[in-house]
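The block underneath contains the structure these notes are about, expressed in structure tokens.
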Amino acid sequence: MSAPATAAEVQTIAAARLLREARSVFIGVGRPSTAAILARRLYNPELVLIYESGTIGAKPRHVPLSIGDGELAETADAVVAVPEMFNYWIGPGRIDVAFLGAAQIDRRGNLNSTVIGPYEAPKTRLPGAGGAPEIAASCGEVVVVIPHGRRSFVERLDFRTTVGFGDAPDDRARLGFRGRGPTAVVTDLCLLEPDPETKELTLTELHPQVSVEAVREATGWELRVAAEVRRTAAPEAEELEALRGLSAR
Amino acid sequence: MSAPATAAEVQTIAAARLLREARSVFIGVGRPSTAAILARRLYNPELVLIYESGTIGAKPRHVPLSIGDGELAETADAVVAVPEMFNYWIGPGRIDVAFLGAAQIDRRGNLNSTVIGPYEAPKTRLPGAGGAPEIAASCGEVVVVIPHGRRSFVERLDFRTTVGFGDAPDDRARLGFRGRGPTAVVTDLCLLEPDPETKELTLTELHPQVSVEAVREATGWELRVAAEVRRTAAPEAEELEALRGLSAR
Amino acid sequence: MSAPKSLSEAIADLVRDGDTVALEGFTHLIPFAAGHELIRQRRRDLTLVRMTPDLLYDQMIGMGCARRLVFSYGGNPGVGSLHRFRDAIENGWPHPIEVEEHSHAGMANRFAAAASGLPFAVLRGYRGTDLMRHTRVATIECPFTGEELTAVPALDLDVAVVHAQEADRDGNVQLWGIPGVQKEAVLGARRSLVTVERLVDRLEPRPGGVIIPGWVLDAVAVAPSGAHPSYSLGITERDNDFYKAWDAIARDRDAFLAWMEEHVIAGGGDR
Amino acid sequence: MSAPKSLSEAIADLVRDGDTVALEGFTHLIPFAAGHELIRQRRRDLTLVRMTPDLLYDQMIGMGCARRLVFSYGGNPGVGSLHRFRDAIENGWPHPIEVEEHSHAGMANRFAAAASGLPFAVLRGYRGTDLMRHTRVATIECPFTGEELTAVPALDLDVAVVHAQEADRDGNVQLWGIPGVQKEAVLGARRSLVTVERLVDRLEPRPGGVIIPGWVLDAVAVAPSGAHPSYSLGITERDNDFYKAWDAIARDRDAFLAWMEEHVIAGGGDR
């Protein structure tokens, strides 16, 4: 018998399950990438994986370390230049789902991956925007995969790198965005979804053995909780085994 | 012994000779294309032939009927999409010389390839602009290859499809054009070059056996003639033979 | 994308009277078979968009499919005039058509803007010409340098039809040789059809190969020699003799109609 | 383009102190050998432009080559931080650097505008973010629809350096695999250098091959394994272990300097 699922594994599997019906998913490095590769392996063999390096329809057997590993180019249906990727594929909203990470998220699903502290004299300089602002604006929907804690779930972002729902429910429409924005935030504790009216992130599903209180405790704002909170189905043996078989080369 | 050169052959050879020093030439169909292929064959084997179909460095053995014949793609150093051709290659002025034709030309080297008669109710509908306006604006210099006659050499164009020197010597600068504009007009009678000051086309070289009077007669405006008019060197046997060997498939 | 369809079914499904349609292919890979099917299905009031109308639009205009033509070069390349195109504009036969013309650079950028989901594109072009006053372009100022440039509006395409060498059974397409603006046309249109020379089990990437994934296409149809008299590099050759012969056929209305009846209408779907 | 040069000669000829330089390659084909030569030749006050600074600019920043950094994603992909990049920004070591940051979409379009000789490009992007207030972009209105979009200024590059798999003896270059923005960088810069894995007598076009004619390049230099720890698809593999090991090396200033001294400075030109 294999070891029980860690919180991180539950998070990855819960994210992967969201891709059962998707046609195409845009992914970066790390846990979002693992989740999408797992989804293609387990639930959705036709799922088209798209990396900002230009690989469309990559079929990695392992989780690549970078978004530009050779295996991605070698197994892709098509490989395009970076300007084409952003102009012809991402910008026009051709991709169903984007999986994104971030260092900070706020209650409206806005993301920070730029700096902790003031921009001109940052305490921590983070990598920066990458493709996230336009990906989040244009893809059909966004799933944020992020660890849950008071450092990441903050009342106020130090920097708004990427717009989730902005400051108000109609901000995306006002900004002319094509996509629906964040439809789920998957953490190592739970799943949050935007309230249909206010677009505020709302706890809708708890991972096994996690309490509402634990999620509140790890959230830097006063958390909204759905009237009925679902419970994430515990990872199946097959899911865990597949996930563990994908470890990065 | 071969037949003597026709006026059209002298024209083509005179145009080809202008490419002795060029690195790259942009060409369309017809006589300009023949001239450039001949130049590569005879005088300048490194000459890079570029067609708006996207073929860069094509090496045709025969004059292609269209700018997209298979031989052009098969022998090219690189083949690019049409947006890339215009945006990355023509627009930024990467090409030394452009060979263009037209139905009408005026004394400032402006060209009409759109309509004879009024635009809304044309007497003759011509093919239209194609790549000419941007090619003429951006390439290092333009050589116009055109038959000489009062229907083509007109006082006033029915439509200005392509700017040579516009209406005044500084018009190209005012319009923000990169290239120097028409540096030569090669006809079946002569060669005209712009006056350095006024940019008005000036007869500078007569083909063998052609008189200044004959050129005046065939020109629809009062022709400027250079103080010293050169005489085109008669085609060499080798030039004629090479030209006749290139006939379109 | 579902499995490949017959060409007649694909055209019936995707193209409606009044649509704005681009059948693209720059000299190479011109989708003649699809255009002939549009003629046979008697589509009307189309806005026909192509950089180079070529013989295909000459035929479609002459057969009365077009209400409007958007183009940048309307000649028979290396041969001369497109007589049906001229007859429509000069004499309104078989009926008058509207014309919107651009330069190649402008059209290429209009396709690229459509593929990018942008409302316009910027280029250096049109300036100083009479074209500027007779077509849809605008002057735009660079917000950084103050320089004046030209904006062209994105094409607004209902349907794009292109021809390619091959597709696999999932509808992924590969073309090679002169790529023209085919990718831009397909990505810039609401609906898209690719006709192909042949189906293969697996696309083998080629030098110069452009691959268009099946999931951005609406239909693939097999049409062997479907680019004739244009060509599919590596499979068929450009029929330059036909391009030359077309001049005499198209010059005369009756000769044209007779040719179309014999070779396109009566010829059915299996040319 | 003349015949291939040595890398040290090419760098000495083409790159001057104070230049704006893009060493490009999106994860794949990163021109490490050329960057190391810049470090050995002690170039100073460079404006370093790259979408993804990666380990290469971490090294160049840490060795004091950079006055300014223009980028869109400054991480060690899949590993974590670029510690020298952070140390320069957070603590001004070895000296403070200026930063201008963009999104990938913005940077890609800035490269494309430079390659097109245009002063700016238009995209849907940046809107609603704090980036807009901290970088060089502008709002621009579509002259046809009135929609507001974002303009980014073209990059103004003195020199572009890219790595490719092969060149022929006339300096024509072919690269394949992930093409990134290399063509745009080369076409968008005043001067350009391509380092290659190998010289061949004749370029054999490959699937996915991008060919850059020698006549748009200023120099080609042979640098086998010149992308390590990045890679040249089909010839070398990405050294993911090195990317992971770099985290510990770069975290400490002394460890970093010792590593650079041993592997780059003392290592000379023949890595």
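Here the chain labels run A, B, C and D in written order, and each chain numbers its own residues starting at 1.
Convention: a residue touches a chain if its C-beta (ideal position, glycine included) is under 8 Å from a C-beta of that chain, and two chains touch if they have at least 3 such contacts.
Keep in mind that what you see is a predicted model, and the values were worked out from it rather than measured.
The set of chains touching subunit B and also touching subunit C is given as D. Centroid distances built from C-alpha atoms place B farthest away from subunit A. Centroids of subunit A and subunit B (each the mean of its C-alpha atoms) stand 57 Å apart. One simple way to say how far apart two chains are is to compare their mean CA positions; for subunit A and subunit C this gives 40 Å.
Across the assembly, subunit D contributes residues 112, 116-118, 123-124, 147, 183-184, 208 that each touch 2 or more other chains. Across the assembly, subunit B contributes residues 87, 91, 178 that each touch 2 or more other chains.
Chain contact topology: the protein chains form a pattern that is neither a line, a ring, a star nor a complete graph. Of all possible chain pairings, those that touch are A-C, A-D, B-C, B-D, C-D. Against subunit A, the residues of subunit D that register as touching in their complex are 26-28, 51-52, 71-75, 77-79, 81-82, 85-86, 89-90, 101-105, 108-109, 111-112, 123-131, 134, 147-148, 177-181, 183-184, 208, 210, 231, 233, 237-238, 240, 243-244. If you check the complex, the residues on subunit B that touch subunit D are 23-24, 48, 56-57, 77-78, 87-88, 91-94, 178.
Subunit D makes touch with subunit B in their complex at residues 112, 115-118, 172, 183-184, 187, 211-213, 215-216.
By the touch criterion stated above, subunit A contacts subunit D in their complex at residues 29-30, 52-55, 64-70, 72-74, 79-83, 85-87, 90-91, 114, 119, 122-134, 137-138, 159-163, 166, 171, 175-178, 248-249. Those residues of subunit C that touch subunit D in the complex are listed here as 116-124, 136, 138-140, 142-145, 147, 149, 151, 153, 205-209.
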